[in-house]
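Given below, in the form of structure tokens, are the structures.
You will see two complexes here that share chain A, one where it goes with chain B and one where it goes with chain C.
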Partner chain A sequence: MTEIIQKVKNLSIGFKSKKGEEILILRNISTNIKKGETVGIVGESGSGKSTLALAMMGYVKHGLYTIGGECEFNSSNLLKMKNRDLEKIRGRKIAMIPQNAGQALTPNLKIGYQIDEALQLHSDLKEEEREQKISELLNKVRLPSPETIALRYPHELSGGQQQRVAVAMALAGTPDLLLLDEPTTGLDVTTQAHVLELLNFIAKDTGTSMVYVSHDLGAIAQVSDRIIVMYSGEIVLEGPSRDILKKPIHPYTYGLLKSIPKLSLAGLPQSMPGSQPQPGAMHRGCSFFDRCNFSEEKCKNNSPQLEYLKELNTSVRCFNYKSLMNDSQVNQTVNKIKTSLQDKEILNLSEVSISYAKQKLLDQVLNRISDDNPTVKDININIKKGETIALVGESGSGKSTILKSIAGLLRTKGGIIKFDQNRNLSSDLKERDPNDLRIIQLIFQNPDESLNPNHTVEEIIAQPLKLYFGLKGEELKKNIIDLLQKVRLGEFYMSRYPRQLSGGEKQRVAVARAFAAKPDIILCDEVTSALDVSVQAAVLNLLQQLKEDFGTTYIFVSHDLAVVRAISDRVAVLYQGRLCEVGPSKDVYQFPSHPYTEVLLGAVLEPDPDIKPKLVAEDIVEEKPPQKGCSFQGRCSRILGDICKSEVPPWQITNSGNSIRCHIPLKELQKDQIN
Partner chain B sequence: MLFLIIKRILLGLITLFIVSLITFVGTEILPGDACTTYLERQAFGEQLEACYRRLGLNVPAYERYVSWAVNAIQGDFGYSLSGEMPIKEVLGPRIKNSLVLASAAIFIGIPIALILGIVTALWRDKLPDVAISTVTIFAMTIPEFISATLLILIIAIWLEWLPGIVIVPTDVSFLELLPNIILPVIAIAMIMTAHMARMVRSSVIQVMASEYVQMAILKGVPYWKMVFKHVLPNALLPAINVVALTIAWLLGGVVVTEVVFNYPGLGRLVIESISNRDLPTVQALAIILASIYVSINLLADLMTLMLNPRLKTLQIRK
Partner chain C sequence: MKLDNIYQEEKKSNFAKVSEIIITMASRPSGFIGLSILIFHVILAFISPYIAPYDFKAINPTLMLQAPSAEYWFGTDDLGRDVFTRTILGGRTALTITFFGSLIALLWGGLLGIFCGLVGGKTDDIVMRIVDAFLSIPWILAMLLIVSLLGTSTEVLIPALGFFYGKGIVRVARAATHDVIAKDFIVSARARGHSNFSIIWNEIIPNVRDAILVEGAMRWSWMLLGFSSLSFLGFGVSPPTPDWGLMISNARGLMSFAYWSVIAPIVGLSSLIIGINLTADAFAKALGIDRSTKAPV
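Then we have the complex of A and B:
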């Protein structure tokens, strides 16, 4: 048996509520981390996974305290240790790679200093040796020109580079155990795939044990040997990663895997009803009881114990796991989407360009925008009624920018936005009449910020009804109730404030508000990114249902390509504010033709250990689109030569109606897909 | 960066120009002028004409503004009414006195404020925090005319340790002035320190809760090293602007305190010249106070720019 590095025994962590009750965040957690293994801890927000990871370093956040149990490292309990002793373990024996490196690096200290600090604390190297070592470390995490990077401040690096610096910093103390708290969340798909690949390499190279905490089963699948699934502060399933991902024997994991949209499968994933109980919510019996499809009478009042199954080397907390052992067809069932596509054009963007450049004084006076290399350029899209078109691309690709301009929130530099074939929509909000405003509604990424915290749900939904239709009194109320029912919320939600709702419920209210205006087009800006996976599936299903009922057109922006695959009819791929490829989803996903589409789709992580991402291009961040030629020239692995650098590539149209903007002849682009 | 500094200085100068215009126009609009006030009932006929000629008030307003501005740049603000002294000479000792008072308050107040702020933040919700916070909130809420009067009552009248009001001549030497300023300094420093300590406290608490501080702890950085390297530089950056405003407020004359203690500083001069309708002096004071505010804020902004790497590079890139 391999050596155990960290032993967590009956750990409970919680806080005192205002009423003085003890509320548990972690409930009786026991697990072991072995030398050299990578353990993935997965769970939705509020499941206690980050608290567990921090406890493994002997760190308990302000306001929380240890109720019982211990975290044993080198046969001493970290949670009882003095700070002075912990300082010798943290960074040296156990190191942390934080979720958001951009915020976890001290802003006023140079990168080199921050790594040097770890070296000073945890190694006996002399100054020149340390300098050498910093370069080595930065090299190891594959940062270009380490000497100059060391002299930079954190904000001068891109997100991916910051994350790499955080990895280098953690490696400085040559720790035995690395804790990673959502290390790739918030990074672009391509960057994420690269960082994960780096982590895998480091795990192999140094033999370090890793604990990888994430909500993203796709990322977990790529790195872990073993997976721990947490729900409501408890471990509900623990076992070898392949078994858990392929044959989950706990209903929660089963439901979770089913609710993740997959790249290989069109259609909407199945959603799980309800949401995770709040910490401290009174419960007897199984905490998953409310949402479980396999529950029985006894689950209601008896809580199941974690049961170790020797033959599977798996622990499971369920009375009924046997019924799942035979039926674990995680990948099969999806709700096929019906397209309600009509042949009528509803929105047409032609030659739209948008510039973020600061206006010169003269231009301000003349009220014009002059910028020869605008952020977004040459956008021509024709959107049909009832269609769901998705704009995809990495951060900085201009997808949200285009959305803002359609909504009238951002002035365009040029081009025409035409509604319903004959109505030109001004790019200036002030020049749009109320009806122009009504026909286009927006749903934002974060319902916490888009819903006024001082308004009740009733007031929030009433606003568009009053504004556009002048409804009053009983009629207004009836309409609000109707809308709430449409988004599957009961009448009693009317008097609630946003803070009294869960994330999914808030987003439903935001959806109801958008539909209240009876719009023709709804712009969805990353509407599911802030939601947990199981809730995301429910919101996607809801959006699809509403679309079928009302015949609305969606313009959907998301960085999550699997979500886009699930919901969209057509996809437009953007790079640096220029279109690369536009076509029906199924063609784009099945035969990604444009080199950038290939890169993007190759990097998507699937919750399946057998599907590895393909890393085609480097994850360089370009600050500005190139002046001339193809927008993707800087990163393209199939670049032809001068023509790509000097001429904007022409549109090529395939038989399936897929338009690709590339200099490489169609035949060759398609030939490569077959290989 | 250099461009930015020049731009800020230019903007400051424009502000001053506008302030000078407004005060000039303001004093023009007011009924009466220096001569009518000075001559009082004899303000007619030959005497008035002579006075106008002497003070140069017989030329059009814009010409007077130009010549006033040209002289003001060279430090010559003309003559004050009372005693017909050059304003320069009236102002000189007053500015010096205000400077003495302000710098004493600053040198005592700012370090104490920083220390109290940091201590309360680091021992948040513990005994030192609770005790100090209670005191600072008290000091903040008691208006200075009350605390000043109480100080006079207790220390000057009951204990007879220090003079209660300043009855030395305006141009007294520094050493003679010293015992006189102790009470005013305490009165001012109390309120100022309390304000700043609260500000520093909340700023430090905010930084202590940040992810990078948590990261530093998890990196194994010893507590005090973490405080000095990771917390304080980031927490004190926003304090610079508050300190600057406080300094400007102090230099501009703490009117109430100066009046209560009969202290011969700029603040009292403002009150005196307004009640005497000494318009040339008011004008001069306005421009001087404005320059103090502008230049100290400019300095503070530049310091923040220098110390905040984020702003620095942003500016260079632009």
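Then we have the complex of A and C:
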């Protein structure tokens, strides 16, 4: 048996509520981390996964306290140690890589200096040796030209590079255990794939044990040997990564895997009903009882114990795991999306360009924007009534910018946005008449920000009703109840504040507010990326249902290609504010495709240990679109030469009606493309 | 802890909200002391005319500078007036004028700040530079100028103080608005086509109200000190009306042999200021605005 580095024994952490009740965040957790293994801790927000990871380095968040149990590292209990002794362990023996490296690095110190600081603290090297070690570390995390990187400030690096620096700093003390708290969550798909690959390499190269905390099963699948699934502060399933992803024997994991949209499967995944119970709300019975499809009467009043199954080397907390064991694999069933596509064109963007450049005085006087290389350029899209079109691309690709311009929040530099074939939507919000504003509604990424925290649900939904239709009194109330029912929320939600709702419920309220205006077009800006996976599927299903009922057109912005695949009829791929490829989603996801689409598709992480991401291009970040030629020239692995750098590529149309903007002939494109 | 909010289910009435805030404030020792002092002073201001043992303006040369005794608790001043009577009456004018002064400051400073924060751009630039220009004028000089031109009546003092103490609130309100306007619910209201007025009233004010109220409470204590300074210089309340600033000014020359006549008003003034400050602090903590939490680890 391999050596155990960290032993967590019966750990419970919680806080005291105002009424003096003890509320548990972690309930009786026991697990071991072995030398050299990577353990993934997965769970929804609020499941206690981060609290567990922090406890593993002897840290309990302010306001929380240890109720019982211990975290043993090298046979001493970290939770009982003095700070002075902990300092010797943290960094040297156990290192942490935070979620947001941009915030974890001190903004006004150079990268080299910050790593040097870590080395001074956590190693006994002399000054000359340290200098060499810095470039060694930066080399190890595969940063180009370590000498120049060391002289830069954190803001001069991209998100992926910052995360690499954070990894380098964590490695400075050559730790035995590395804790990673959602290290790739804020990153672009391609960058994420690169960072995960790096972490895999480091795990192998240094033999460090890793604890990888994430809500993303796709990322967990790529790195971990063993997976711990947490739900409501408890371990519900623990076992070898492959078994858990292929044959989950706990109903929660089973449902979770079913609710993740996959690239290989069009249509909406099945959603899991309900949401995770709030800490302290559970008193008896299984915490997953009310969302479980396999529950029985006894689950209501008896809490199952974590049971170790020797033949599978897996621990499971369920009475009925046997019925799942027979149900071999996760057979994903999807609800096929119905399209009520009409030929009528509802929105037409032609030659739209948008610039963020600061206006010069002369331009201000003449009220024009002059910028020969605008952020977004040459956007031509026809959107048909009842269609769901998705704009995809990495951050900085201009997809949200285009949405803002359609909503009128951002002035366009040139081009025409036409509604219903004849109505010109003026680019300025103030010049649009109220009806033009009503027909286009927005749903935002984060419902915490898009709902006023000081308004009740009733007040939130009443706003568009009052503004556009002048409803009052009983009629207003009736309409609000009606809308709440449409988004599957009860009447009693009216008097609640957003903070009293779960993430999914908040997003439903935001959806209800958008539909209150009876719009023709709804712009969805990353509407599911702030939600937990199990809730995401439910919101997607709701959006689809509402679309079928009302015949609304969706313009859907997302960086998640699997979500886009699930919900959209047509996809437009953007890079640096220029269109690369437009076509029906089933064709865009097949080859041949634009080299950039290939990069994006290759980097998608699937919750399957057998499907590895394919890293085609480097994850360089370009700050500005190139002046001339193809927008993707800087990162393209199939660049032809001068032609790509000097001429804007032509549109090529494939047999299936998919348009690709590339100099490489279609036949050539298909060759060598991975499929 | 914030997590407790989750368990509060239904919408609360405004009365319930206010009483909850007051209870939270009083649950901290500093908040309890502050509130008690403030309430004591307010009640005293209301009832002092009825409980004052002597006439505040009765001059009696035979009783000049008497030390505290059973008859004259805080002694008498250089004109033989009872210091206790004058002390309990001395806070009334100051409290009233500064209370209304702070309300005015709160109103104009808060609204202008929110407006500037919302519209931004050139309007914001111009207004804020004007505010900065006013901030650079020593307020006491400006106040002296106004008072010597327009007199020391209440109708002049309240708006003048309100104006000079509102400038600081403009900045706070603007900063608080900036925190809010980047949020998507404002973008959402804009995209729906709500007017600026509607956005300020419905979306911004509920979110910045607390910060502005706390700032207003702080300004109140500063204004009290400022008003007393004016009185001290002889530009606030005119004699023989009892006022702490004026009393300190009159008695300061006698400090070496008749300390009682100066100590009483000083204790009155400083306790009120401390009371307001502690209350404002507790108010901020109860609303969760005060972010002075312990650093991690």
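Rule of thumb we're sticking to: the second predicted complex is superposed on the first by the 665 of 675 C-alpha atoms of A that agree within 3 Å, B and C clash if a C-alpha of one lies under 4 Å from a C-alpha of the other, contacts with A are read in each partner's own complex, and residues count from 1 in each chain.
The rule is short, and it goes like this: contacts are C-beta pairs under 8 Å (C-beta built on N, C-alpha and C of every residue); 3 or more make two chains touch, one makes a residue touch a chain.
Computed from a prediction, not measured in an experiment: that's the story for all the values here.
Student: If we overlay the two complexes on their shared chain A, which of chain B and chain C does A:His155 touch? Say first, second, both or neither.
Tutor: A:His155 sits against chain B, while chain C stays out of touch.
Student: After the superposition on A, what does A:Ser495 contact: first (chain B), second (chain C), both or neither?
Tutor: second
Student: Tell me the contact category for A:Arg638 with respect to chain B and chain C: first, second, both or neither.
Tutor: Touch status of A:Arg638: no partner.
Student: Once the shared chain is lined up, is A:Asn452 touching chain B (first), chain C (second), both, or neither of them?
Tutor: second
Student: As a test of reading the superposition: which chain, chain B or chain C, is in touch with more residues of chain A?
Tutor: Comparing touch counts on chain A for chain B and chain C gives C.
Student: Answer with first, second, both or neither: which of chain B and chain C does A:Asn83 touch in the superposed model?
Tutor: both
Student: Quick check for you: in the superposed arrangement, does A:Pro464 touch first (chain B), second (chain C), both or neither?
Tutor: A:Pro464: touches chain C, not chain B.
Student: Please work out whether A:Ala407 is in contact with chain B alone, chain C alone, both, or neither, and reply first, second, both or neither.
Tutor: second
Student: Of the partners chain B and chain C, which touch A:His62 in the superposed model: first, second, both, neither?
Tutor: Both partners, chain B and chain C.
Student: State which residues of chain A lie in both footprints, the one left by chain B and the one left by chain C.
Tutor: Residues 59, 62, 83 of chain A touch both chain B and chain C.
Student: Note which residues of chain A are touching chain C in the complex, please.
Tutor: 15, 17-18, 23, 59, 61-63, 83, 278-280, 407-409, 429, 432, 434, 437-438, 440-442, 444-446, 449-456, 463-464, 467-468, 495-497, 499-500, 513, 517
Student: Sort out for me which residues of chain A touch chain B in the complex.
Tutor: 54, 57, 59, 62, 83-84, 86-92, 95-96, 98, 100, 103-109, 117-118, 121-122, 153, 155-156, 166, 169, 173
Student: In the complex, go through chain C and note every residue touching chain A.
Tutor: 1, 3-11, 183-185, 187-194, 202-203, 206-207, 293-294, 296-297
Student: Within their complex, state which residues of chain B touch chain A.
Tutor: So the residues of chain B touching chain A come out as 209-223, 229-230, 233-234, 237, 307-310, 313.
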